[in-house]
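Okay, got some structures for you below.
The same chain A turns up in both complexes below, where it pairs with chain B and then with chain C.
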Partner chain A sequence: MARVELNVNLNRVEGDLELALSLEDGVVVEARTVGTLYRGFEQILVGRSPRDALVLTPRVCGICGTAHLYTAVLALEHAWRVPVPANATRIRNVCLIAEGIQNDLRQTFLFFAPDFRNARYRDRPWFAAAEAEFAPFSGRVHRETLAITRRVVEVVAHFGGQWPHSSYMVPGGVTSPADARRLLACRTIFAEVREWYERIVIGAPLDEWLALDSAAGYFEWLERPAHAASALGLVSRCARDLGLQRMAAGTPHMISFGAWCDPANWDAPHSARLMPGGFYDGDTGCIAELDQALINEHVRHSWFRPYSGGRHPWQGETIPDYQPGSDRYTWAKAPRYADKVVQTGPLAELLIGGDALIADLYATEGGNAWLRQFARVRRIAYELVQAERHLHELAEHLGEPHIVNPAKNAEIDGEGYGLIMAARGALGHWLRIRDGVIEKYQIVTPTAWNASPRDSAGLPGHWEQSLVGLSVADPDDPVEIGHVIRSHDPCLVCTVHMLETGKRWRFLP
Partner chain B sequence: MATLFWLQTGACGGESLAILSAQSPSIEQLFATHGVELLWHPSLSSASMREHDRLIEAIGAGERTLDILCVEGSIVTAPRGTGLYDSYRGRARMEIVRELAQRAGVVVAMGTCAAFGGVHAAAPNPSDCIGLQFDRDLPSGLLPAEWRSRRGWPVVNLAGCPAHPHTMTQTLAWLAAGMPLPLDELNRPLAFFNTVVHQGCTRNEYHEYDIEDTEFGGKACLFFNLGCQGPMTQAVCNSDLWNGVNSKTRAGVPCFGCTSPDFPREVDLFSTEKIGDIPVRLPMGVERARYMAYKNLARAAAPARVEGKDMDV
Partner chain C sequence: MPHIVCFGNPLHGDDGFGAAVYTRLSETPLPDGWRVFDAGTSGLNALWLFRDCGEAIIVDSLAPGAEPGRLRELTAGDVLAEAAPVGHGGGVGYLLQALQAMPEPPPRVRIVAVESADVSAFRPGLSAPVAAAVAPAVALIRSYIGAGDD
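After this line comes the complex of A and B, so read on.
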């Protein structure tokens, strides 16, 4: 048996990723995910004024800064027990949706789909179509994705001044109200996005698409010319022809924090969500209510000062302990839910949230790389419906407050957390304030869940599990790994603990 | 055609995402009609990493001409000056930057991280970040102060967190055309840094009449109480609106001075330090005594619509 050690780097993953793989006869038998960058955001926040988190944490990630901002403001509002007026939540949700649509379209058509143009697929019947649609800067869908995503982030700019990186959500609300000009501008943008999504992405009216509720129904759609010729139809045809629907199940357990805070339900800690979250137990198929106290992080295989078992973020610590040459191999911590390895992202969000089509596809074929990508595109339909609803409600409630600034004596010492479904999945910030400044700040990103290393029980993280069993035809151009990892919408810049190891055996004696 | 290689070091990807919002020219126009040939971009290139490695080798060996090197992100030098906290295939990224910079016609720092160290270099600077040719405002970045590119340029600093989309695409188009590009003392192109954020802010009239907000969500000026750095910060945010529609200060968000070498300041970012009633840092070039006299007069002259914040900004 030929055993090969392979280090793989990937581009189009928002940050830098290296994977250390062991292959036997071309099949992955062991995988370790290794981030390539350490920045130390959590240390930078310590000792600063609590509101500074609203400026610093969006800069954790250039593609989902609104999600970090939203999570940070919820953590502050939780710590200070600050209620928020309904219009502020509506505006926050509209901006998060705009950023989410931006992400989902760019990730699908700029990052994931170009792999179908790999020279190895030259003889496939869909190759010419993939080239015509997805080739960078010349493919039709690629170019139109650039244009429509440029347009949709204008929504964030209308309320936040700019995208990326603004700080317009502050404790108690947002800095500018909805008025007729902003609402009409945003309504126009979402109408354009909806028209493009219907015509180019799914080839059908939104209502029909959302009413689709069975796997059999979707496979029938795939034969219908309008959908087959659409961008999602092409992605599905390419992916399914390559067998991505049988690839990379990973862990069966999933987590969602629930999508979109409920504007009508505003008692801190703001747990009411328009689409419910929870924990999907892959062993029983049951969905349990989410309990953030069950989240912990392990460092057994990470370069942090060791502690036994897992620790909740409030008990956790981030003390570097660089020990190359040991069996610790990464600076990513290993987050676990009730000590289980979980995955997060649009598949988890829609499965736990109750989308019938995703539930049936999952029941039919299980978790897989195609379904993860498919769920990301399907989520856009929900985002569009929610955006339209929120804009409509804002118009109906014009003139109601967009902010109620907390009284000075409300800005107390204490603990708080914020939980949000970011584009890539479950994002949590945990914060402790003492003597008026940040004493502790812990961030658990969606990619930290998915890209986690082994934990103290030796359980590999979700990506590490997803890659095992995969055949890699050409180690110099491992496109299969690209399909699998990119289907998770990885964001390595977000995985803030990560530190590069280089080749993992590099420091071995 | 001017070849362009885009390298990410200790970054959040903000510049890569921001440049996608540029409209005149857009990033695709830069390649289609402004004479820029994209050799590599980490988020947009679809070739394999093998091709990326070959390109770096070919540029290093002088077999491939590199006209413009864009670097996005802080230069990570930890641990102990090795740079291995940010490496690629076991090699410190700062070494790759150094190698490519020697071959480049011009090196462009995309954003404040690459220019001055940026947010990652904020205290306690856990990964020992610096900028390409500056460390904050000191001339002690990765490359020495006297360093010049093949075409004779210091590192061109397109500061901002993120850099403004048009500051990026317009500078690149200008450089590709081989036009002269005067720089300020921080090596930022004057054309994009010769205006302050305060100029063009719709809240300017409130400042003029000394009507200042004391809490968030209002309509008035954010300079006196809420930490706005607009009157001291050079950038085009209010003369060339973000995403074509708005700016932070117009939306009621203080300017945090993100194009400055000291971004992010160590003080509370949402409040203004004052001596008595007057901010410690005054609008660029203003004399303290005259400013106080003017403010008292201005306040008395404020029209009711401004005083009452009755009109939209």
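After this line comes the complex of A and C, so read on.
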């Protein structure tokens, strides 16, 4: 619903996320992430045909439905040990990339960058430029982002018929092949996106940008006129002038499931990725191979039926148990990796995946709000390269199958999981099939990792950690909170509540 | 190509008005060229529904007003953008501003809206006055598009 002249509100009925913060002398001393909306997909799926997951789970989110569909189909294929033709994986990856680029551009230039126009920054030397580029609907970059992100998701529509909420990935492949018409259309779209990304976002050719491999090199590059005048250059100058590179590190531990299933090597155990995943141990700086068995979820501070410790999704349960007035405060669970609090997202993806520039920036300055957003924009370069590669390979293998339907007797009882790097980070689905129907389905989203509440040991989640210590100059206009939370790409409309001396401030991002 | 785009969430009380109108409109033929869409709670994602669209009718519910069930005919200019437009969902006000910012000329937009009686999360079903406004809204829209009575 919208607001009209008569004080009527046209906002949709939502408001799924709140932050409860305590401040002392203007500094955040405690933060709680409150998920105010119960999701319930785990219950909806129980007792249904396994293939129903392909229709239902893309509805978890209107921004990353392709990622949920991809994850669900991988979980089914894992349970049924179904092989997948290389062309199907190529098409899936191309669509996931389109959805990811849509998200990353909107998140950066429609949601994150407009905060630099806050009236408090009026005297900054970059303020006029931020106004000219990022002002909603009048800023050049804002307007062009609206147009280019509407364009890029047409890629998904070419293969899936619609975006979002499509269901074109099925066990054994995808429903539509890559023909010459679709390939030409998708190549055209990605070419437009690449041209715009090079000209407007980074101010340089893609190869030159990807060749940057050191913090010192980037800071020198940031002074070059072409990049300084670009959208990312402006974001970096604004953010770094405000000190976002020293703000909101959060947990040092990171997780990535690895980006893009490898079309040529997508067979059991279904773990080959074009960009490797893993667990980055923030204490040692080492990257360990990912072991999904080490993932568990805690509910000690969540409104679910209590159980002790953490449980792996195959042993987990999602039974709502609203307990107002207790020390439980959210409908979100607390996912952990080996009982460690971790963060996920583009920063984790590129750091673990081996991007030299991100690794050096992280080594130089540590995790921070600017670097998270910076990594989100840099990831688009890899996505564009992969999209072009996949489309080229599809053209070379045009006559090969896009689906091999599994035999009916292949649809057996058992357990399976699917792991994907969605736009916001590590997304996992785990299911168990018994007597031909879904007995258990557990979804762990990227935002669940980042926005998790405290766990059984009392350890705050990543957002909660990243907010503690943050100075808030004006509680009536806590723009610092906006910078930090939006650098994490919150999945849902975020409303921040700050609790101090009995007064409640409401901050709408 | 002219489009009718209905917004709303039938799980949230009178916010389901747009979906109810969509259902009625989709049950009977429309004049050549007219297409009707159930946009649900889409924000920016609904931009696609206005592409190559010279004329659009938006159907939505308004926050509870003085006269629940009263139909209001608005223009895009009547609908102010939300005070806080940012978020992945956005809202119809944000969407209307985005349409103006697209490179191509925006469609001519009419809005058919109803004053709600009650918009409550996860309480399906329209209130009596808003349910009674569905048929008049459909008739109004059909008169706009020259479809006559259904």
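Assume the second predicted complex is superposed on the first by the 472 of 509 C-alpha atoms of A that agree within 3 Å, B and C clash if a C-alpha of one lies under 4 Å from a C-alpha of the other, contacts with A are read in each partner's own complex, and residues count from 1 in each chain.
Here, contacts are C-beta pairs under 8 Å (C-beta built on N, C-alpha and C of every residue); 3 or more make two chains touch, one makes a residue touch a chain.
This is a predicted model, so every value here is computed, not measured.
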Chain B versus chain C as contact partner of A:P164, first or second or both or neither: both
Partner chain(s) touched by A:I202 [first = chain B, second = chain C, both, neither]: neither
Contacts of A:V141 with chain B and chain C, given as first, second, both or neither: neither
Most chain A residues touched (candidates chain B, chain C): B
Which of chain B and chain C A:D52 touches, first, second, both or neither: first
Touched partner set for A:V60, first chain B, second chain C, both or neither: first
Residues of chain A that lie at the interface with chain B and also at the interface with chain C: 7-12, 14, 62-63, 106, 110-111, 114, 136-137, 143, 146, 149-150, 153, 163-164, 493
Residue ranges of chain C in contact with chain A within the complex: 9, 12, 15, 41-45, 47-48, 51, 60-63, 65, 72, 74, 78-89, 91-93, 96-98, 100-103, 113, 115-116, 119, 121
Sites on chain B touched by chain A in the complex: 8, 10-18, 20-21, 23, 26-28, 31-32, 38, 42-46, 48-50, 52, 74, 76, 78-79, 84-91, 119-120, 122-127, 129, 161-162, 215-217, 237, 241-254, 256, 258, 264, 267-271, 312
Chain A to chain B touching residues, read off their complex: 7-12, 14-16, 18, 36-40, 43-44, 48-49, 51-52, 54-56, 59-63, 65, 106, 110-111, 114-115, 117, 135-137, 143, 146, 149-150, 153-154, 156-168, 170, 172-177, 179, 185, 320, 322, 402-403, 405, 476-477, 479, 493, 499-500, 502-503, 506
Residue ranges of chain A touching chain C (in the complex, touch as defined): 1-14, 62-63, 106-107, 110-111, 114, 136-138, 142-143, 146-147, 149-150, 153, 163-164, 491-494, 508-509
